[in-house]
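Below, chain A partners chain B and then partners chain C, in two separate complexes.
And then the complex of A and B:
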């Protein structure tokens, strides 16, 4: 019995330590935003009074509203396009199955593990020849059709009741009407989960925007945070302010939709 | 009769051209074509846009390029050390959290999952400042007398690697834990009941019941983590910039440097990128082979 009690204590201690380490950098980020650059560098852990200065400095370095508008635009439009294109494809690959479509889908699944690094050179040349360097279209286009999200919708469509579709067909609904008026409302929660996944990865994307967006007017938040680290004397407090702004939207989404968030993540591999 | 034929054709067209059409076209343009073009490029030599067929010249160059070999070595070190540490931690945490008698489960789970909401660039900035020479982590370690002088996390080739591994583990362990947790919740509790009645000790239950039941998730998480680690880019750029002296240079960062930093050499960069493609393919195959279901042989 004593042994079990010890084991219990060990579990709680271990989990508490891991939970503390997981959450601590968030505290560090908030405290850092209120401290001067020098204080951040020496690891000051208490709140300071430099928050105003840090915010002011950050806003003087960049056109912050513009940056946020750019990031929001890329994330929202990218998410919307991805959801429309991929949910339609996932639906079709499941509902209108043929030998050919199954083979095509199997080919796509094999390509799921192709690393982006192997695509970025040809994609860069394609996008620059199309004159889309420095445009949001250039950032968005290669990411719209995501095999992962198509797969996600295809898996979810397996649970879509066939009787509903058959009944709709008998009632004379056209295929696009079935998709729009029956499938879409039934699959609401699948769409919600996919929205979270796609929006987050789009908001947090770094490498591809780094390649495509080169002028200062078009920069997104990850590029701004990244660019602040270099230079002769990086202002650590302002970097913390920038980091908070970059993290806040996804943090809010997480806390508002926590259950759906985790379900979406896990559901994608079932 | 003709009408029916037309309707059938139109439905077929709907099914095959209109609905998944956009996605299929986009995948061929932005995935199938580039990956084939990249393969073609890897046999081309020349700088900028002037290509000439070079046969295996780029592959020969790989064998003579010390920077490539260092990047490959670093990448291997990262995934050979980091992936097992992270997946073991994730599995242990999931087992601990799956105990229904544990209190504050929701709180622990939320806290441990929280790092996943940060963008890679943002958490890299946080880690860079926490691990500064005179920074927080060194202060804490010094005051606990675990070290006698500060560790130069970012400037020392060895500790820079440790820092990158620590950072990735912080960001991704909770993410992987969620998958293990979901899989554990699908295991029928009566199996454990039966094992306990038969007197099977806890560690044996974990080894002979839990691990085999988790096999598909172990496979999934190791494949995705391997792919992720082989593509490591955001963290090394934003924490160490691949330094010091290329100690944290990864293959992805080297490809980026070859393409966008140095005088562009698309052919050679494409060859390096195919090293990642081949590595991902081989490692995925090995993992599928190791995790295959032996009963069906």
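And then the complex of A and C:
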């Protein structure tokens, strides 16, 4: 009995420590937003009174609503298009198998290993020739067919019961109807998990928007947060405000879809 | 009734003429820079000043992170697509030669439009290739020894005691300050080669020679600077810090009595209003007994460049030459607003430059800084300053190890520390290939010389 109690205590102590380590950066971010730049630099851990000044300074530097609108647009449209294209591709790879499916897919996986920096300059030239520099289309198009997400959907589709598809065919559904009315509802959790992954990566995307977007009117949130960090004496308090604003949407999306996310990763098909 | 009609007519005429002026001169100059609070704000002030001279031109400031801007510029120049490049771009001085020499036709030489004798000489040199100069030299990184007047007074020193001192004297003062006040003399990030760079340039030398070739093997100044850095580390007068925030936090928070930095640090120091009136500013200490050693050096700073591909090249050059090389009032404004000390020398004639600053115990700091700028030895930062820096950074722990182990030795003992020597000789250096062997040899030779040949 005593032993079990001790074990419990030990577990809780360990978990508390890990929880503290995970939560501390958030705490630091929120406390930092209320302190002056000098206080943040010194490492003050208590709440200060500079929140108003920090927010005002941040909003005076950038057209924040515009930037948030841009980021939301890029993230939402990017997520929607990526999910449509990649889920259909993943479905096709698994359901309509030919002798080339596996070879083609292996080639895709090999392409995953090419670092983005190697593709950046050719990609930039392509997008520039297409006249898409400084447009959201230029930011979105190269990322829509994401090999990783196709891979993810293909793996999830392996768990999709073929009997369901066969039954639907016998009942006279067309192929697109099977995808839309049978596959889609069954794979809800997979879609939810993919939404979180794609949304977070497009919300946090930095390098490619940086290269493509040229004007202040088109900036996304990651670009303005990083531009504040640079300089001889960065305003740390305002940076914390910017970080909070930049982090909130992904947090909200995660908490909204959390249950489905876990289900999706576990790969449950009911 | 008639007067009203007249007024309307007048307005209409004015409106039409305004419109036509706008149509004729509606040009936009795009400027890329980093740090919205410093460089960005300076461009905006310049845009205001320029609007009085040429109201038809709008200045569009786009700011990025410094590393990001460099990456963007590099990508676009390397892709050879110039349509989307800005008209004017800010480049940090350390990287200037890399851009100018890697992309020889990308930037516009400004010799025909600017009188470079009006700028601090070292800033002109670093942006020149052959007989062409490409930059509009902007902010200076003139080095400054900021010190806490109150703590030094407790230890029995006056501001005059810190005027143009040597490093040896600095260590002496530091030890006394710690003895009396219990506070360390300065904060130092042992992984940052900034101090070594300051020492090198203060004696007119750099990682690279005037011809751009590596200047390390057999360079007496490099050896002297390394020796001085080692003495600094050995003296133990510093609070070891890690990272920029920790380093600046130490003096902003009042933990240390002085800091060796540059003019742009004024903004950081003033971040803590509680210490107002308790700061003073003097020149950087110099290396004792070295020929050519001065109390003046540089850390950071950047300049404006006009892209040769710009469609609004003429307007961009006009903007730079009318405001940045012609408007004394503008320089007063950014000095007061951003603490930006420009390198256009005639700006010193303005009122703000001659005023004294209460934060710095009423010292005429700005006038002093701008006098020091003229004295900074010019060096060639070469193509690979940032890469050389990384290689040096990798060796700093070894230097520290030697210094710490020597703190406990009496000065008369022969100094032979074999382990760090081996560590240095065998260390892998991550430099561009042509320099690797040179650097490795030189680090080993310098160390052997410093430590009685292991």
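The working rule: the second predicted complex is superposed on the first by the 232 of 270 C-alpha atoms of A that agree within 3 Å, B and C clash if a C-alpha of one lies under 4 Å from a C-alpha of the other, contacts with A are read in each partner's own complex, and residues count from 1 in each chain.
Everything below uses one rule, namely that contacts are C-beta pairs under 8 Å (C-beta built on N, C-alpha and C of every residue); 3 or more make two chains touch, one makes a residue touch a chain.
Not measured: the values here are computed from a predicted model.
Upon superposition of the two complexes on chain A, a steric clash is found between chain B and chain C.
In the superposed model, A:121 lies in contact with both chain B and chain C. When the shared chain is aligned, no partner comes close enough to touch A:161: not chain B, not chain C. In the superposition on chain A, contact is made by A:229 with both chain B and chain C. Of the two partner chains placed around the shared chain by superposition, chain B is the only one that A:89 touches, whereas chain C remains out of contact. When the shared chain is aligned, chain B comes close enough to touch A:251, but chain C does not.
Judged by the touch definition given at the top, the superposed model places A:41 against both chain B and chain C. After overlaying the two complexes on the shared chain, residue contacts for A:214 are found with chain C alone; chain B is out of touch. Which of chain B and chain C touches more residues of chain A is settled by the count: it is B.
In the superposition on chain A, A:19 makes contact with chain B only, while chain C stays out of contact range. Annotation: chain A residues 40-43, 120-121, 124-125, 207, 211, 226, 228-229, 236 touch chain B in one complex and chain C in the other.
By the touch rule above, chain B contacts chain A in their complex via residues 11, 14-16, 18-20, 22-24, 26-27, 30-35, 37-38, 41, 89, 93, 96-97, 99, 102, 107-108, 110-115, 117-123, 125-130, 132, 134-140, 170, 174-175, 178-179, 182, 217, 220, 223, 227, 230-231, 233-234, 237-238, 251-252, 255-256, 259-260, 266, 269-270, 273-274, 276-277, 280-281, 284.
Within the complex formed with chain B, the chain A residues making contact are 11, 14-16, 18-23, 25-26, 28-29, 32, 40-43, 45, 85-86, 88-89, 91-93, 96, 101, 104, 108, 111, 113-126, 141-142, 144-145, 147, 150, 175-176, 179, 200, 203-204, 206-207, 211, 222, 225-226, 228-229, 236, 239-240, 242-243, 246-247, 250-251, 253-254, 258, 262, 265-266, 269.
Chain C contributes residues 30, 34-40, 60-68, 71-72, 75-76, 78-81, 83-84, 86, 245, 248-249, 252-253, 264-265, 267-268, 271-272, 300 to its touches with chain A in the complex.
On the chain A side of its complex with chain C, the touching residues are 36-38, 40-43, 61-62, 120-121, 124-125, 128, 133-134, 207, 210-211, 214-216, 223, 226-236.
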